[in-house]
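Order as written gives the chain letters A, B, C and D; numbering starts at 1 within each chain.
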Amino acid sequence: MELKELYKEIILDHGKNPRNFGKCTNYNVDAKGHNPLCGDKVHIYAKVDKEKKVIDLSFEGEGCAISLASASILTDVVKGKEYSLAERIISDFLMMIKKNDKMKTNSLDEDQVTTMMSLSGVKEFPMRVKCATMAWHTLSEALKGKNE
Amino acid sequence: MELKELYKEIILDHGKNPRNFGKCTNYNVDAKGHNPLCGDKVHIYAKVDKEKKVIDLSFEGEGCAISLASASILTDVVKGKEYSLAERIISDFLMMIKKNDKMKTNSLDEDQVTTMMSLSGVKEFPMRVKCATMAWHTLSEALKGKNE
Amino acid sequence: MKINEIRNNFPIFKTKINGKKLVYLDSANSSQKPKTVIDRMTYFYENEYSNIGRSVHSLAVTATNKFEETRDMVQKFINAKHREEIIFTKGATESINLVANSFGEKFIDEGDEIILTELEHHSNYVPWHYLRKKRKANIKFVKLDENLQINVDEVKKLISNKTKIIALTHLSNVTGGITPLKEIIDLAKTKNIPVLVDGTQGAPHLKLDMLDLDCDFYAISCHKLYGPNGLGVLYGKKKWLDQFDPYQGGGGMIDEVKKNNITYAETPTKFEAGTMQTAEVVAFGESIKLLEKIGLKRIKDHEDKVLNYGLEMLSKDNSINLVGTPKNKASVISFTLKGIHPHDIATILDDDGVAIRAGHHCCQILHDKIGVPATARASIGIYNDKEDIDILINAIGKCKKLFS
Amino acid sequence: MKINEIRNNFPIFKTKINGKKLVYLDSANSSQKPKTVIDRMTYFYENEYSNIGRSVHSLAVTATNKFEETRDMVQKFINAKHREEIIFTKGATESINLVANSFGEKFIDEGDEIILTELEHHSNYVPWHYLRKKRKANIKFVKLDENLQINVDEVKKLISNKTKIIALTHLSNVTGGITPLKEIIDLAKTKNIPVLVDGTQGAPHLKLDMLDLDCDFYAISCHKLYGPNGLGVLYGKKKWLDQFDPYQGGGGMIDEVKKNNITYAETPTKFEAGTMQTAEVVAFGESIKLLEKIGLKRIKDHEDKVLNYGLEMLSKDNSINLVGTPKNKASVISFTLKGIHPHDIATILDDDGVAIRAGHHCCQILHDKIGVPATARASIGIYNDKEDIDILINAIGKCKKLFS
């Protein structure tokens, strides 16, 4: 386990300066995630339209660098996407973390894929996997609720 | 641990043909003992008079050879004795079993002392100590109730 | 592994008892431990020890992973649908107490009925007695047939629209009788009555398949399964466990704790309060490995051979009375000997290195029924063989001589 | 035994973590085990294993004797009046659940008050929360002073004529603060209110004397006392235990079992249902022997030196914030580091072989109070020394560099 694989520049940067932090204006979907073992919390806010598109996306939360970076990256990548694409991106991300899979591009630009891939180091730190996935699970639940 | 130290002739005899078995006539004190671990039971019956003497003494019970022999020997030895002497005999017996003490004669005849001593082998069989002492404890409790 | 080599895996058999070879016929009480289990525990304490689930340092990570691996192994071993259906407890006793408590709190009201059998161990009666007292519920006991066996018809007779749960043993620790569980569970299903199986004696001898058996709860003691003591398993269907309130409260089982309220984690976590028996859980994985390596079918076949030989030999002696003669049985033989109390038998047998148990075996209801306060019990594990039976028979002969 | 030789008794320190020496600063979570304890367990399983109290064969006799010897040792170790006041449980969590359950059933009614403190571990809150819900009782939390310490005056303020029990920790697992128990217990005595002490963290560091302390209940986890996991002790005054109904029901704790009623054994037996953790109990005797051999005073002196050195070194760095500054404290240092989350600290420290814990340490009420969801905690055991602190400080430096 190489520590630098976990704490990459890009993660430290997202952790220190999380993107899309706060409540986005006129959000109409929100959901909370919580890890009772360590107290990490995330609250996701999304503005979705009738065409099932995530127009705006943001989060608030407390947690370690990994969990903040992960939520930050999530909001960055999923904002502006349609539900179905958002769900594919989320599920690809979770598969990558769990099963060492390569990320599919899913019409994301290369930069975004690289950013998501930067969280892959967490695989070697099993106790930290939840930090990296909590926000993604939370958004997935929230969209599922809307999608039915 | 020598098995023959435990199952002496005299014990086998008392176990097979317990003395004073049944309810003695006109008993006015009785008390029950019970070992929940093995199910052994003893029920002591005594006829005592105003002079605090155990005029008659008998028992009923279910149990192993050791516990039957022990109750049988108890009734044999204590019958006819005054409370105070009975208590001394019981406490001497219990000390002998627990602490390897020699039995005092306590104005008992030598035969009776030998008979009581025959139960001393039980010391080497800790799980069987309760079998050898239950009846004695039970009578002691019963007399205590009367003595106050 | 050859059957006659199994014994070599158990270090205890090097121990001499009163100078004699140990003939251990008390596995229904607790089984001996193979070297792999003991060594795994030692290795864990010497190299890997840590508390699980709470710290993020390397030792804790390893410990947590190994702990959860055993949960997966147990799930596979008993063929449960979900890993969350496996809860680690202190023993079968705690497993049953947990269900009686959490099921009772939610589903048992005044006048409701709990069906047990006359064959139950105190562990599968006392916790229900608590409920009877707390909730003013009633307990009905299924009557045994003349072979001291549980019979589906007798269960049927007791079922009413007030029956809330049926709790019964898989394999009797006195008669060795195997309960016709499938029939009883099928019957219960038609009335929507959940069934708890006390599998303490079943698990070491019978192949388990929760999906097939379809019981609602199954309780196991690991120390009778060649595993460490102080550990048990409760299998429970997720649909029940999800509804249950937690049992013991403490660290690790919470979701959020505030001054005015507390919410709880999901199953199985909500039932595993406080520091768990990590070393024991990890080592129990080795018990499962051993059993699977030998194969449960081969174990049963082997034990049946020894059992039947034992039954044959004991039956020859008409001063011996066998307690219960169920047709379908395993491992356990209880008996009485004319004129000799079981405690005396046990002490005298011990002199020859033969370890059996004497008493009511925590089945006082059954002993009341048969009208004897105590019986002698020889029970067979994977390490026993016919020679053990020969030594037993010989030692019984000595008893009779001493008392003749 | 020289203090700097103690470490050699713990095999785990041969283990390398990420290629580095193990610096184990997580003893408040669970302590490591000395070789004598591990070996005793192994020896027991390999040579003496049997279930206790039930069989009369030689193995069972030995096991029972050794088991009960440990009870005597615990009695002496904590200076309890009667050996019957020592009950073996699964851990401090079960010990507290037992009291909350059995005391609550008998003595807590609607509107009654239970006094806890803001410092309590979830183990000493969740069981009382159950009672609050079941019995419609109220829980009041003693407010901590500015050092996050429990203060007798604040306890006094909460006592009313509805107060039925006070339950509080001996030593905080977050701040290391030592509760002024004598004063609080004296106060409670004047009002006839029983006091339960959560001694999980107290027992490993402080000399215990139940006769002197005069609390009503004291809960211990053996795995934090250099003993096996899965084992705990409940000390309870006989006058209470005699009045209590039993907790879990099962084998071994009964007096007589009939179809319509059950009576129970005396204490401690009535609280020890089912097969106990025999190997663990026997091996725990070795923990006590070790602690007594070294001497609790010397242990405290040694740990205090390491603790004070740690506090001094950490205080030099003003990006570090110490959580709680009780005057009277032992073993535990919790802290936060500006701009770096405790989980990140723990992961980064682990890379240097330093094992600490990050989180709310099962004290969410306390963390709510101080307004941070998680802290980092280094806790000191008998095997730690100043070099461990140096390595810790160095590793914290690395954290800061990585995040700078």
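Basically, contacts are C-beta pairs under 8 Å (C-beta built on N, C-alpha and C of every residue); 3 or more make two chains touch, one makes a residue touch a chain.
Since the structure is predicted, the reported quantities are computational estimates derived from the model, not experimental observations.
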item	value
Of A-D and A-C, whichever chain pair has more C-beta contact pairs	A-D
Farthest chain (mean CA position) relative to chain C	A
Inter-chain centre distance, chain A versus chain B - centres from mean C-alpha coordinates, in Å	80
Separation of chain A from chain D, taking each centre as the mean of its C-alpha atoms, in whole Å	39
Distance from the mean Cα position of chain D to that of chain B, given in whole angstrom	46
For chain B, residues that touch 2 or more chains besides their own	37, 125, 127-128
For chain C, residues contacting two or more additional chains	18, 54-56, 60, 252, 254, 256, 343, 347, 358-359, 364
Complete list of chain pairs which touch one another	A-C, A-D, B-C, B-D, C-D
Complex contacts: residues of chain C adjacent to chain B	18, 339-344, 347-348, 351, 358-360, 364, 367, 373-374, 402-403
Chain D residues touching chain C - in the complex, by the definition given at the top	11-12, 14-15, 17-18, 22, 24, 26, 29-30, 32-33, 35, 37-38, 41-42, 45-51, 54-60, 90-94, 96-97, 100, 121-123, 125-127, 129-130, 139, 141, 221, 223, 228-231, 248-254, 256-259, 261-262, 273-280, 343, 346-347, 349-350, 354-359, 362, 364-365, 368
List of chain A residues in touch with chain C within their complex	34, 36-38, 125-128
Of all residues in chain B, those that touch chain C in their complex	1, 3, 6-7, 12, 16, 37-41, 62-66, 125, 127-128, 131
Residues of chain D touching chain B in the complex	53-56, 60-61, 64-65, 252, 254-256, 265
